[in-house]
Amino acid sequence: MNKNIIKKKIYYHDTDAGGVVYYANYLKYFEEGRTQYFETKGIFTEELLKEGIAFVVAKAEIEYKKPVRYKESIDIITGIEEIRNSSVVFYQEVFKGKNLCCRARIVVVCVNKNMKPIRIPEQIKKLWRALE
Amino acid sequence: MNKNIIKKKIYYHDTDAGGVVYYANYLKYFEEGRTQYFETKGIFTEELLKEGIAFVVAKAEIEYKKPVRYKESIDIITGIEEIRNSSVVFYQEVFKGKNLCCRARIVVVCVNKNMKPIRIPEQIKKLWRALE
Amino acid sequence: MNKNIIKKKIYYHDTDAGGVVYYANYLKYFEEGRTQYFETKGIFTEELLKEGIAFVVAKAEIEYKKPVRYKESIDIITGIEEIRNSSVVFYQEVFKGKNLCCRARIVVVCVNKNMKPIRIPEQIKKLWRALE
Amino acid sequence: MNKNIIKKKIYYHDTDAGGVVYYANYLKYFEEGRTQYFETKGIFTEELLKEGIAFVVAKAEIEYKKPVRYKESIDIITGIEEIRNSSVVFYQEVFKGKNLCCRARIVVVCVNKNMKPIRIPEQIKKLWRALE
């Protein structure tokens, strides 16, 4: 499976008073991972928006395995698990060295201006499938 | 099932450039909902911390149904779905009037100082069960 | 001077690994304070937006006096210090009981669609001045 | 004056429903800028914490000049304006290409475990002064 990796360092604004990365912030890292993954495939979501096509998150399943702390460095890994008619399932992970800290399955749906699911444009499917 | 409701108004800091509440922020509202729920049951997590007992999120399954926008008001609803030996499963929802916007199942695990799962103290289980 | 007060409780998502409220988050509380203050004066910024009028922050001077911690309650106080031709100067404070924790002077400018400063509409000035 | 530059790309989580970077988030970028600047000088604040020495923000003066939008790239520039007995004044800017978008003067105070200002340790002053 083709994957995208981005690196990130943890700052105070990522953490909470428990001394670890706040649980909602992993969804920010996963957003960054998917955006980078789209771009490496030549898919620029802001251009699609002009045509009234958007990709929105419909579902997220997240497992928290190990905490990440201030100043630690993480790898955010993004891959595609499945391409459906109007949605894509991303599989995403956060690693600290060799330790899996968090993993998620994120379902992103292709919608029109009225937020109704539509078929993913064929040229986009092709770009993704080429490297599946 | 016994439930807790808190109300919240959406400000700019809750939203993103898509014009709607950013998908990670629902986890903040759910944190607030669970904390309030704990307190209505007489459970103060900061006191448990002094004894080395913490409740950490191990799993979150979130479904995004309808967007919420700037200045809209939401109800955050929190209930307990299941009490296990060392974890509790919360069922949480965000409503905008009668419209379900987001719902989640959040698994919270009771851990010791070394982040190892431990049995939930019996007096806490009782407090929860009394109103299940 | 006429003032608006809102109360808020501090959750994990407000704090950082230093155990206290993260310094950027006070600007979120101040946004909430100003928005509430506008509304108590009958000024709904989202309606002004339809006419192409927006209020944007041009300057913020913040002093951090005392830390605020998890589960503590704060009062966010908002008042108007000065009304100018195209801007308003807000004076805002965060108190924990009788302790001043943070105070700020925030300059908000009235702009048109092209982000150019314009005179504050006379009916809005009147609403503010009535209670100055 | 010696300066540190870091690059950053803007994601949805940085923006608000106004379509631009939320005003509080610049303080996150400035935190990242100062932390990187400390490290390029060989100052690791997490090690100082073990000795009970912390650097906390006491004052921030921020001017917002131009908005930054989704997918745009920014340069975060950090320099030292003045080194005092117990505080350092940072001068920080956010540029989008050649356009200044935001600038700030941030006063960081050296404190002990009781949050009382103390003299900045001499070896740290030296590290900073060497490249002033």
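Per-chain residue numbering starts at 1, and chain names A, B, C and D are given in the order in which the chains are listed.
Going forward, a residue touches a chain if its C-beta (ideal position, glycine included) is under 8 Å from a C-beta of that chain, and two chains touch if they have at least 3 such contacts.
Remember, it's a predicted structure, so these values are computed and weren't measured experimentally.
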item: Third chains touching both chain C and chain B; value: A, D
item: Chain pair with more C-beta contacts, A-B versus A-D; value: A-B
item: Identity of the chain that, by mean CA position, is farthest from chain D; value: B
item: Copy pair chain A, chain C: interface residue numbering same or different (half cut); value: same
item: Rounded Å distance between chain A and chain B, as computed from the means of their C-alpha atoms; value: 23
item: Distance from chain C to chain A - Cα centre to Cα centre, in angstrom; value: 34
item: Cα-centroid distance, chain A relative to chain D, in whole angstrom; value: 28
item: Multi-partner residues of chain D (at least 2 other chains); value: 12-13, 18, 24, 28, 31, 70
item: Residue ranges of chain C in contact with chain B within the complex; value: 11-13, 28, 31-32, 35, 46, 70-71
item: Residue ranges of chain B touching chain A (in the complex, touch as defined); value: 18, 23-25, 27-28, 31, 54, 56-64, 67, 115
item: For the chain A and chain C complex, residues of the former touching the latter; value: 12-13, 15-20, 22, 24, 69-70
